[in-house]
Each structure stands twice: as C-alpha cells, then as structure tokens.
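Heads up, the thing below is written out as structure tokens.
Naming follows writing order (A, B, C, D and E), and every chain is counted from residue 1.
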Amino acid sequence: MDFLVAGFIKAVELLINFDQGTWSAICATLRVSTCSMLLSLGAGLPAGFLLGYFDFKGKRALRTVLDTLLSLPTVSVGLLVYAFIASRGPLGQFELLFTLTGIAIGQTILAFPIVTAITASVVEGIDPELKLTLLSLGAGKKNIITTCLWEVRYGLLAAAVTAYGRVLTEVGISMMVGGNIKYHTRTITTAIALETNKGLFADGIALGIVLISIAFAVNISLSFLRKK
Amino acid sequence: MDFLVAGFIKAVELLINFDQGTWSAICATLRVSTCSMLLSLGAGLPAGFLLGYFDFKGKRALRTVLDTLLSLPTVSVGLLVYAFIASRGPLGQFELLFTLTGIAIGQTILAFPIVTAITASVVEGIDPELKLTLLSLGAGKKNIITTCLWEVRYGLLAAAVTAYGRVLTEVGISMMVGGNIKYHTRTITTAIALETNKGLFADGIALGIVLISIAFAVNISLSFLRKK
Amino acid sequence: MSEISYKLNHIQHYYGDKKVLDIDGLQICRGSITGLTGPNGSGKSTLLKIMAFALKPTHGQVWLNGRKEFVLSPRVRSKVTLLTQKPYLLKRSVFDNIAYGLKIRKDMGDIENRVKDALKSVGLAHGDFARRQWHELSGGEAQRVAMAARLVLQPEVLLLDEPVASVDTKSAEQIRKASLAARKNWGCTLIIASHDLPWLYECSDTRISIFQGQIFSTGTENIIPPPYDLSQKNHPVKWLGQNEKSEHIHLAPGKKNNKFAIIQKEKIHIRLEKEKANGWENQITGQITSMVMEKNAELIMTTIQAKDFFIDISLSPDQAENLKLLPGKKIILMFSSRDIEWR
Amino acid sequence: MSEISYKLNHIQHYYGDKKVLDIDGLQICRGSITGLTGPNGSGKSTLLKIMAFALKPTHGQVWLNGRKEFVLSPRVRSKVTLLTQKPYLLKRSVFDNIAYGLKIRKDMGDIENRVKDALKSVGLAHGDFARRQWHELSGGEAQRVAMAARLVLQPEVLLLDEPVASVDTKSAEQIRKASLAARKNWGCTLIIASHDLPWLYECSDTRISIFQGQIFSTGTENIIPPPYDLSQKNHPVKWLGQNEKSEHIHLAPGKKNNKFAIIQKEKIHIRLEKEKANGWENQITGQITSMVMEKNAELIMTTIQAKDFFIDISLSPDQAENLKLLPGKKIILMFSSRDIEWR
Amino acid sequence: ASDKSLMMATTTSTDNTGLLDYLIPHFEQETGIALKWTATGTGKALKLGQNCDVDVLLVHAPAAEKAYIKKGYGKDRREIMYNDFVIIGPVSDPAKIKGKNISDALLTIKNHKSPFMSRGDDSGTNKKEKLLWKNAGIKMPDQEIWYVQTGQGMLATINVAQERAGYTMTDRGTYIKYQAQQGGKAPLKILVEGDKILLNQYSVLTLNPANCPRAKYDLALDFSNWMASKSAQKLIGDFRLLGQKLFIPNAKQL
C-alpha cells in the first residue's frame, strides 16, 4: 500500500525536478500518440461514416470483422508491424524498427478499428430525416459527410477519447516495435513496465500518474467541445 | 515475415492437438473476461445512463474525469489492485493475488470507464422527445432507464464490444495481479507476451490468432443483435 | 360532471430568461373537452407538458383531483397521458409501441384485442399495421399510431398536442369520435391543442385561447394582437396590413405594459355596408374566408380576414342566411373601441 | 409558362414487397403551383422524395427540364429543394440553419439580409429568432424555420410536404403568400402536399390527388374509396357508415382488380330533397360541414359528409345562394351509377 | 560521432541493475560510438540478432549462445563477466535445504513437494534452472502442482515465491535489489549458494556478417573489445548495487 503514497510524492518530484528520462518519455509519448491519433481519425472517421451511412450487402459481416479487430492484442499488432519493418521485412529499407515512427504505425493500426467502429455505430444512429434534409438542401457528397459528422460530434468525441486512451496506454507495440530504448523510444508506458519489472512499484505508480495527468490535460482541452 | 505464416500453421496445430497449455489459457481468458464484462456492464450501463440523461452541476467536469480514466494504463491498474490484495494489503485476507478473481477485479476497473463513457455519450444523443414520450406514457424510473437503453441498443453494443476488446487484450493487469502462472492464471495475452519475449514469434502470432478467433466467435454471436 | 379535475395556480414558466407562460389561475372540469388555441410559440405545448407533469414549471403548482402533484409522482403516472406534438415512436413494432404503456402498467390482460381496438379507433387496420416496424409508416400513420398508444391506456386525463396535424380528413373525424368516446366510455377529461380550428370547434365544449403565454378563457374573446401604435398616447391604434398605414382599428385608451387588446365576439357586428355616424369608431372591411359547422350544427364558425387580421365569429344559421353570407363575400366588421378591453 | 418542368415515366416504388407508388405518367408545367392531396399513406411523401431526387424509384425515370436525372446528380442539386414532412433542423443556430444551403452553394453574398428576408417571409422576426439554437423553438416555429431555409435558396423547384401542418392561421397565410411570391419573383415551380384542403385550394392552380399510390389528376374527380361490396358481381356497392348496412352507393358494373371508383365532380348534383324515379340510382343524404373560399373568391369549396364518406364539390356563389347552402345544412347528393368510372 | 551508432539487444538483468547506464557513457566517450540498447528476454534478444535487427548482443546463456554460433547466426563469443545464482526460500525453510548442495536441495524440494517458482520464460536464468534439474537427475517437473511457472521476470517471480512461501532460483543481483526493497526484513533468504555450476556467465556476441551483411560488424567488434578492455573490466568490477558487488569481470585478454 505504501508504494501508492510514495508514488504520488515521486510523481511530483519527477515533474518538478525535470527528470530528463521522464521528460524524454513524455515527449515520445506525446509525439507518438498525437501522430497515431491524427492518422487513425483521418482514416477512421470517413471509413466509419461510409460503414454507418450506407447500406450494402455484407455490411453486417464487415461490422463483425471490424468489431473483432477491436480485440487485436497489442503484442500481436507489434509482431505484425515488426514483421514488415524488421530489417529483413518488406519495408526493411525504411529503417523504421526501434523508431517512434514505427510505434506510430502500429498504434494507428490499433486505433483505427476503434475510431471506425464507434463512428459507424454513431453514424448509424443518425436520424434518416437528416440525410433527407441534406439531400434536399442540395448537399454534395462531401457536404453530407462533413455535416453528418458534425451533427454527431459528441458521439465522435467518445470515439476519439476511447481511441486515445487505448493508444496512450498500450505497451505491446511500443515495446516490440520501439524497443524501449532510453532517451529514444522509451514511452511512459514502457517505462512503467520497466520500473514495475524492476520492482520499483512506486516509480511505476509515479509514471502512471504522469500519464494520467497528460490524459487529463488533453481531455480538459477537449471538454470545450462537449455539450453544455 | 515467415513467422507470420508459421504462426498461422501453429495456431491450427495448437487448437487441433488440444495443446493443454493453450486450452487452459483459453479457459482462463474466457472466464476472466466474461466475469469482468458482466460486472462492468452491470455497473457501467446504469452509471452511463445517469451521466448522460440528467443535467446537473459539475456534469462536464465528471465527464472529463471519466474520459481521463479511459487512459488508465493497465499496469497502473494492476499495481493498484496489487496494492490492495497483496497479502500485506488491506484485502490481503481474501487471498486474491495470483487468482483469476483478482484479474477480473482489475479488468472490471479497466472496462468500467469505457462502458460508462460511451454509454453516457450514446444516452446524451437520445431524442428529448423520447424522454417526454416515456414520461407521458407513465413510465417510472426503472422503465425509463431500461427503455432508453433499449432504444439506443446499437450504440451500447459498440460500448460493450469496445470494452470487451480492451479486456480481452490487456496484459498489464493479468501479468501483475495474476502472475502469469502456467495452468492457473496464464491467459492468452500473458502467454503471448511470454512467447514473444522468448523470441518465439511464431508462437506469439499463433496465440494472437487464437485470441482473435475467440473475439470473432463472440462477435458473431452478438451480431444477431445488430441492426439489419 | 362539474367536479374539478385540474387546478393551476400562479403558473409561470421560463426557458432561460424568457418567460413563456404566465397563468394566474385555470380550472378544468372533469369530463370536459377543452380546446386550446393560439398562434405558434404562444405556449400551448409548454402548458400541456406542465399539465402532464412532464415538465416542472418554474413557479407555481398544479393540482390534480384536489392534490398538489409533481413530475414522476406515482399517483399521476397512470392517470395522465400526453400525446406530444412530434410523436416519438419507440424503435419497435407498431404493436409493441401501442402495448408499451400497458406493459409498464403490468396490465396485460387481453392485450391483443385492446391494441386492435385502439388501432381501429384511429382508423388503422390491425392486420396491415400491427407487425410493421416503427419506421415503415407515413407521417400521418405514425401520428395515429402514437394516438392509439395513448387511447389504449384509457387514462383519466388525455392531453393531445396537435393530434390531427398531418392526419387526413377522414382520420381526423375518427380521432374526433375516439375523443368523444373516451369521454363517454370512461369519463376521460381531454385538453386538445390544435391549429385546425374547425376540427377543434367540433370536438371541444369549451375553448381556451393562449397568447404570448397568457390565457384568455372561454373562447368568446378575440385578441387584437400587437404591435400597437401608441404614438398618440390616449388613442392607441392597430394598423392592419403589413406596411401601408391605411386601415386601422381604434383601440381603447389606457394601454398598460404587457397587456393585450381583447374584444368579446358578441360585441362585433356584421354589416354588408358601412354606416355613417353611428357612434361606432371601427368599421373594418373584411372578407369571409371560410364557414364551418360548429358542434351539432347549431352555430357556424365564420372566419373573416381583414388584411393580416383574422377574426372568428360564431353565427347562427339564421343570421348567416339573412345576410346571405357565403365564403368570398365582402362584409363590414363593426365595433366600438369602448368595447375593447386591455388584459 | 406552359414549358414542362417535370416529366414522370412509369414510376413505381416499392418498400420491401409493398408497392406504394404506381404512376404511369405525370407532367408538371414550369411556374405552376400544384396541390397534392390524398389520405394518409397514399404516397405523397414518397412521390415528393422521388421528385426531389432524394429517393431512387424502384422503377421508372424522372425527367427535369427535358433531362433524365438521378439522385445526387450535380445538375439537380441547386435546382430542386424539398421541405420534408418532419423538418429536421441541424444542430446549430436558426441563422446557421437557414444559411446552410447558401454556404454549401458557396453563395455567401449579403447572407445576413437574405436570411433576414427569408425569416420575415415566414413571419419570424430576425432579431428574436436568428440567434436561437435549434432546440429553442416551438413546433410551428421550427416548421417555419425549415421553410425559410428552403425559400432562401430561391430554387427552381420547391417541393413542400405539409408546410403548414402545425402552423397557425396567420403564418399559413404568410407561407401561402411566400409561395406565390416565389413563383412571381423567380418563376419557381411549386408542388405542395397538404391535408389542409382550404389552404391548399387557395394556394394552388392545379390539383393532383393520389390514392393508394395512383394518381388522379386535375382535382375535378372524387374517389369513392374501397372497400367495395362485390357480392352481386354486376352491381357492386359501397356501403356508407362503418358497421350498419343501410345507406349505400350503387357503383357501375365491371370492377377490375386494383381499380377505384371515380366520379367527376360535375356529375354530382345537389338537391334539397329526394326526387322520386328520376333515373338517378344514387340519392345520398349528406350534411355540409364546411364551405371555404377558393382562389380569388370565384368558387366555394364545399365539403359534404355522408356517414364516413367525404366529398368535396366546388360551387359557384350563385349556386350556393340559390340553394341557401350553409354549413350544417342537410342536402341530397344525386348522381348516376353510370357516371362512375373504374380507374 | 553521430554516424557511428550501434544497436544492441541485451537481457533485462544488465539493464535492470543499472550496469549499462553506468558503463555505456564511458564507452561512448572513449570510442565515439553511440550505443542504443533494447533490453528483453534472452530468447528474444537472440532472435533479434538472428533477424539482423540489431548489431550486437550481450546475453547470458552459454549453451544457447554456442548453438547460436553453430547455426551461423553469431560470431566472436566473448566472455565478459559473471555473477552467480542462488536458491532462496522462506526463512523457516520447510524442506530443510539450507546448506545442501544444489542437486540434493532440488531433490529435497521435489520429494517434499514444496512450492518452487520457475520463471518458465526460457530466459538465461530459466535455462540454467532447467540444467540444474537435469544435473540432479530429475525429470522436468513441468506438470507438478508444486512447480509453478510464472512466465515473468526475476523480481516478479521472487514476489510470487514470497506470496506462496516457496523456493526459487535467482541471480544474486536481483536478490540484492529484492532484499533492499524489503528493508532488510526479507521473508526469503539465500539457502543454497556457491556451487560452481551456479555461475552465470555474460558474453558479448557479434553477428555473423555472412548472415547479416548490413549489421555493423566492425563497430560491434569495437564494443566487444572495449568490454574486454582493462578499463572496462575495472569499471565492471567497481560497479556496486546497494553497496554490494554484482559482477565479477572475467574477460580473457587477447
């Protein structure tokens, strides 16, 4: 129990003392998660829209597959990405192994199904009258997508926040693809795993608090998007 | 790359040959994830309903906190639970450490914010006319909750499926609280982590495929709940 | 029959800072059918929601059967039922929509037949509609399913917010009959808001009109709506027509804040030509646009349009016949400004 | 003015297996105002959606300005605008709702004033309403905002699905004026579905009635709706009233599948008393329920009810005066079964 | 120096003890080579080398290393240092193994069915443990109830042993850390130690250029040489964790 208290104190210390390792991990985490969120939102929102808006044959099967992809274990994603970007893999020449870019690719694969699945089910809930109204006002395809997504913005926020939570806290990909290299690819989560592995539970808790604080800051800055 | 193919073959072998370790991990995974999903849905659906349905002071702040809890790293949850149920912890006498029950408790803590946050944002999207209609038809508090939730069942399915994905694939809690003890608390994800760490990438992939297959089976059996 | 069902006391309702309802007192008799009229945004739906105990008024209390009641009060739940203006159907079949209210009352006896009867009373065939899904309906059909879902409950009070808004003539007639039957069969008290005045006049035995949140009871009054021209303080004027300042109504002096000009219908006389110097300040040219049979054919509700001012007068068939009144005919509305009250 | 705007060719529409629309041919002239009437579920909304290119008909084509057009065709987008039956407001302010269509057309010049004018044309004050949020409106106000959002686009074709369903009398008059102005100012072609027949008759210059998906044009016809009693094959009968088999209409022989009994309005005569042995099989007792001024006061639309059968006849003021017709009066409808066609 | 960079895969123990954090800055300063490392299980480290994802390895599983070289993946195995393994168990020592030699101790545990925690993760430590069972002439008790495979790191395994009041085998470095965490009141203490066979040899391996032509063989050799150099050996000998010596340098000078 006492390591919880110690962790609290340590968290403050780490941040105040500007601990170099911690700050480098914070930066890595922020860079990687921002990048993967942008990519997965950019691809997942339109994909989810298409899946939720249109009726087509095999839609239900596709949704089931997508839901299944929500259960991709991070280590498996890590292995998959590793297979491609390892020096002998088909993308080996880009030297992405043990880089933040590599992690970001893996996290995008992780977040994409989440964004897409939640977006699709939010878009599915759109009032059919809205579609009719947009068509009747002369909206083109692009207008329809953007307006529909804007109409359900609170639902999409949930998609984004959930995906962000998954990306921010995943360890498997960062570990496998990034390699947990100090000052380079060590993210907060891999650092937590390391400290915990060393038995330094207080340090693990401290870093966990740091991570949660980041999430809190991000969510506060998103909360102005919320419905009052 | 070749380990991906090898992994496929191995996955089939593992299942066909009735590999004891694999089957025990499958059972552990199923038991733990079912249990934690039931608990988190049981608590999260009503909580999310209250949060999404009613307007009260501090609601936005509460939502922000909840969104932040989506970014709880699994290892931190694991540490937290560990702190309470370790033999020296306040709940030490129940001997929950290194048991599936312990893991289920941790996973419930992990899944609860997901279920609650997505439910809340789905419920927030309910047409105000529905509330009025229910009141006007003489619905009591319980009727209002159940009918509202039923009206948005497709959205709730997304909440459940997302939470399930998180629970099924998490490693940190199972490792920390369960201890990855072979034939006892080794789940598929901790087994994957172990095999990968051993450098047996093909085995890792094989177990990943097993996990995804479970998720697929679950999602197929859920898909009859989907909108046609 | 004259037992009091509803009593409203000093009800005020605000949306944000905007006051939309301000009713000093109102009583509704048990077993009566009250028509509620008023222009868009006058507060009809707000009033009905408050009377259905689905909205808490900002100030004031509502008594039902002599008891102060509240939102979600269990006594109220099975007694009062509101048909909302935009009826919402639950995402289930028509049958389940109608049976829903019975199910939550755990009143499941003979449910098949009761649903069938309710569907029939709004003019929908059970066989054709019961198994349809909620989205497989036209606008008017959905409206009528929602109505059936209220009727099946046989509530003590039935509040209907525009029940015939997109309903065809024949079905409107059916809904009227169903409303009367509700009163007859289980002594139901009905309050019905509608813009279809002819229909409403046929349905209801008393009328309330509401204007900018204020109530003008009994339906014997006409409101001369603002804006009023107060440039000569003592002789306020209501200009007719939107822009030109030509024809106008002389109003009574003494306008106070937030008061409206009211005139009793009986104080308005119809002539075929203007009369000179007869002491009546107001002689307004108008045209009859419609004449509709009121309940039981005893009276004819006649609508007269003078520029953008509409007025409804109930005439006896004799009166109409004597003046040879017919839709399209030009007439003179004659009344004194002294008969105009500020309320 | 007689240029053809719309041409519909063999349009059929199915929801699932159910055929809800079956129109062989229909032409709409440019600059005309067409009233679309018919009972609930007859297919009005479906037809309007198809004409707005918001729904692809199961079979058949729609020509606009001589060109075959399709859903989402870019040519159509800025020309045709539909006001849906349940108007949906975007989750933004009233101003943004009205400006939305202009914004997607990238037509932003003088947007403030155009929105203001549109609001004014539906009787809403810009200052009071423009900044309100979409949910801060009463039912009729929302309806009118949606109407304003269509008017502001000044489209070539304006399809209105029950534009005055929950709108007060005065605003309905304003919407009527706005519709006429649209035709006058930019040659707009309007098709308006409504159950408010008096209002619609005042608005439109041609009428189409639609019944179970089939079109009966020109408004000069009355449909005697099913069910028909075919027990004597050669002399089908339409019973009036719901249960009792008392009064009835003799129909013409030769009924075929899916055909309806139609009678031209001019073939129906009004008498004050029954006449014996005059060769007219049908002498039905009815009651006048309403008389409404048609366009320009030249005709009076008279609604007669005989049990559950409603019939509309246009009378000249002279005719009405001669027979001393007034709402509430009992009359006899007289017509021959030979004048009934099966269509 | 930035273009001279080297990627190493190593086992968790070298990283977790802080040895590399202490050692590598010296290396970078002296040679101008930037060294990055990823710390994983021995098995995965070897695999990363086999797949040419890294340039050099620092591991502790002599038998596996030799097989690895034989298969043509590695080259130039260079022994750098060692520490040793110990068997720890509850202070009460229910099976009474204290002071016994390693094979007897294991046999006693087996006969007594006392809980024994194994890492079961194919790490260097785990490989050594399996070797010990074999040497004691005992079939791997893989399916026995008392034989608990944690599949986790050393410290986590010790923690399980503590919770279950059982025995386990650990490297001394991890035990020292564990002891320190318990504030000197550790419920588990060292019961068997000092056997020759318990030595834990760490070696640097370069990769076989025939297998990995793009790996930086020359720089890897530089690292290997530096680790064996006198200065580095002294640094290793001086490294202390919580005041105790952890690694004993034993590189043969060329």
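Miscellaneous remarks
Definition applied: a residue touches a chain if its C-beta (ideal position, glycine included) is under 8 Å from a C-beta of that chain, and two chains touch if they have at least 3 such contacts.
Computed from a predicted structure; not experimentally measured.
The interface with the largest number of contacting C-beta pairs joins chains A-B.
Centres computed as Cα averages put subunit B at a distance of 36 Å from subunit E. Taking each chain's centre as the average of its CA atoms, subunit C and subunit E sit 88 Å apart. With each centre defined as the average position of its C-alpha atoms, the distance from subunit A to subunit C rounds to 55 Å. Residue positions 156 of subunit E are each in touch with at least two other chains.
In subunit C, the residues touching two or more other chains are 86. Shared contact sites, meaning residues of subunit A that touch two or more other chains, fall at 88, 127. Listed by chain label, the pairs that touch are A-B, A-D, A-E, B-C, B-E, C-D. Remark: subunit C residues 49, 52-54, 71-72, 74, 77-78, 80-84, 86-88, 90-91, 100-101, 104-105, 149-150, 153, 155, 159 touch subunit B in the complex. Taken in their complex, subunit A has these residues touching subunit D: 127, 129-130, 132-133, 135-141, 143, 147, 150-151.
For subunit E in complex with subunit A, the touching residues are 7, 12, 15-16, 21, 36-39, 51-53, 153, 155-156, 159, 177-178, 181, 212, 214.
Of all residues in subunit B, only 1, 3-4, 60, 63-65, 67-68, 70-76, 78-80, 82-84, 88-90, 114, 117-118, 121-122, 124-125, 127, 152, 154-155, 157-158, 161-162, 164-166, 168-169, 171-172, 176, 188-189, 192-193, 196, 201, 204-205, 208, 211-212, 214-216, 219-220, 222-223, 226-228 touch subunit A in the complex they form. In the complex of the two chains, the subunit E residues touching subunit B come out as 40-41, 43-48, 120-123, 143, 148-152, 156, 160, 163-164.
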